[in-house]
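Look at the two complexes coming up: subunit A is in both, with subunit B in one and subunit C in the other.
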Partner chain A sequence: MAFPVEEKHGFLVVLLHGDVDLSKSPAARKVILNCLKKRRHVMVDLAAVDYIDSSGVASLVEGFQYARSNDLEFALVGVSEAAMNVLRLARLDQVFRIHASLDELPDGGD
Partner chain B sequence: MACDDELVFLTICSRPSRLKLLRCVIRDAADMAGLDAQASDAVVLAVNEACMNIIQHGYAMDADGRIELRVRREPGALVFELRDYAKRVDVDKVCSRDLDDVRPGGLGVHLIGCLMDESRFLETPPGGGNLFQMKKFTRA
Partner chain C sequence: MMSAQPNHSRDSVIEVSNLVTYYGRHKVLDDVSLDVASGEIMVIMGGSGSGKSTLLRYLLGLHRADSGVVRLFGRDINTLNSREWMGLRRRMGVAFQGGALFNSMTVGENVRMPLREHTRLDENTMRIMSRMKLEVVNLAGFEHLMPSQLSGGMLKRAALARALVMDPALLFFDEPSAGLDPVVAADLDNLILRIRDAMRVSIVVVTHELESAFKIADRITVLDQGRILMTGTVDEVRNSDIARVRNLLSRTCDEQLVDTDDYLQRLTGGTD
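Take a look at the complex of A and B:
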């Protein structure tokens, strides 16, 4: 299952959806890191995520770390309640930059 | 154990694609046991994490391992037991990591601790492997 990528406000927006578990998190990790390796700012849209486990969260953390090490923007957008509950448990809701919707994204600029 | 008390006993192979099946079963068992939506979400995530640990660390992603799940009711609690046939877990090395150390991985044990009321490895079962038990209390 491929996760689509859209361009908006100068960011590459990765659209995760469905259940991001151990069977899908390698694909999520790959698409997030591929976008960052193009030296593009990245938003990960979690609005359509029904379920995420620690392997899915790990793919987000890897993106966050890569971006931070390479002076790139990395943020989450439209985080579903299911995903937010897991981020809160992991206390990552205070680590990631989180936007309510794509409409409030600033220009990433490139 | 009375049959009424046992809700589920099933075996899956250690493939990530089977986790979704497992979650469906856990959710239905939680509903049958009368857990509310928040508690159901909690046990689904916790059992998923425990099963994922078996797949990733116990079987090192070998897809041919066996995992047995038993769900049963006991007075005041819903009990989940996961049995595997992987190498024995060194219980002393199983611990939750410091959440201030932001890095990928290592969250599973923390999540299980947050989401379940009790969790522990039971005595090594005959035939080797591991038996991991989690409990969610059903009344205060």
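Take a look at the complex of A and C:
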């Protein structure tokens, strides 16, 4: 499964969709890390995600960790209630930068 | 305080029909039928010897039924080949009563083990997933300890972390409160409710602890001497007028009448 990437407000926006589970999270991880390795700020749009499991969330954590280590922005947008519940369970809602929608974003730079 | 709000759909993840099982000639489960809906917390409750642990073993596919059918996710488990069973097994997590952790592995290695067995995820992803689950069960920072260094409550939480690491659709928890002090047991009950509310998971809890059962259950199945006395909501069980259910709730000893012939036969009959 390919996850598309768009450019908006100076961010590369990774559009995750469907179920991001054990079978699809490696692809999500790959696209997120590839964007960051281009030294671009990254936003992960979860608005079209029906379900995200721990492996999907782990991919987001890896992306966030990589971004912080390399002075890059990393945030989530469009987090559904179901996805937020999974984040809350591990208190990751207090760790990630989370925006309601892409429209409220400031420019991410470069 | 969390409440046990039913959150289940009509889809059954477990369907047991007329299950009969024996140990030797002794009938252990007698015509047991029950279903567990998606997203539901079903508590199987009963005293010692009621058959609840035996029922759990059949639900886990550890034994083949003498008669009756056990369906998990709509599949009759007696008809599955080993590959199909493995696929089903990946969707199930089990937290055993004593933890059943491997003593030669650290807590973190124990929790990661199902990921190593069943997935080809990146090592870093597996490490983050196992640490997330240790966060969920409030064991963050304990991953390098050995099981022998954990308290009883910590062992149960570590076992729960391992049971959850694959994000199961169906979680079995055997006697979560047994051997724990009331505060630790209440914490674990709250954790079970949080997990149900946050994840797509149906939960079967086997327990003899009334307080815990009433706190977490959407429905309770009461087993007694291998038979189901009733299945109902917490209120239905609390208000049941079935004498043996009331005995269980009030912890009243049920005096067994002795059949002289049966008793003598048990003591003197046959050979070992």
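Rule of thumb we're sticking to: the second predicted complex is superposed on the first by the 110 of 110 C-alpha atoms of A that agree within 3 Å, B and C clash if a C-alpha of one lies under 4 Å from a C-alpha of the other, contacts with A are read in each partner's own complex, and residues count from 1 in each chain.
Please note the rule applied: a contact is a pair of C-beta atoms (placed from the backbone, for glycine too) under 8 Å apart; a residue touches a chain by one contact, two chains touch by 3 or more.
What you see is a predicted model; the values in this text were computed from it and never measured.
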item: Overlay on subunit A: subunit C relative to subunit B, clash or fit; value: clash
item: Contacts of A:F64 with subunit B and subunit C, given as first, second, both or neither; value: first
item: First, second, both or neither for A:D19, with subunit B first and subunit C second; value: first
item: Partner chain in contact with A:C35 - subunit B first, subunit C second, else both or neither; value: neither
item: Touching partner for A:D53 - first (subunit B), second (subunit C), both, neither; value: both
item: Which of subunit B and subunit C A:L72 touches, first, second, both or neither; value: neither
item: Touching partner for A:V44 - first (subunit B), second (subunit C), both, neither; value: neither
item: Overlap of the subunit B and subunit C footprints on subunit A, listed as residue numbers; value: 21-22, 51, 53-55, 57-59, 61-62, 85-86, 89-92
item: Touching residues on subunit A, where the partner in the complex is subunit C; value: 21-22, 25-26, 29, 51, 53-55, 57-59, 61-62, 85-86, 88-92
item: Interfacial residue positions of subunit B with respect to subunit A in the complex; value: 15-17, 19-20, 23, 41, 45, 48-49, 52, 55-56, 99, 102-105, 107-108, 110-111, 114-115
item: Parts of subunit A lying in touch with subunit B, wherever the complex brings them together; value: 19, 21-23, 51, 53-55, 57-59, 61-62, 64-65, 82, 85-86, 89-92, 95
item: Complex contact set, residues of subunit C against subunit A; value: 119, 121-122, 124-125, 128-129, 132-133, 135-136, 165-167, 194-195, 197-200
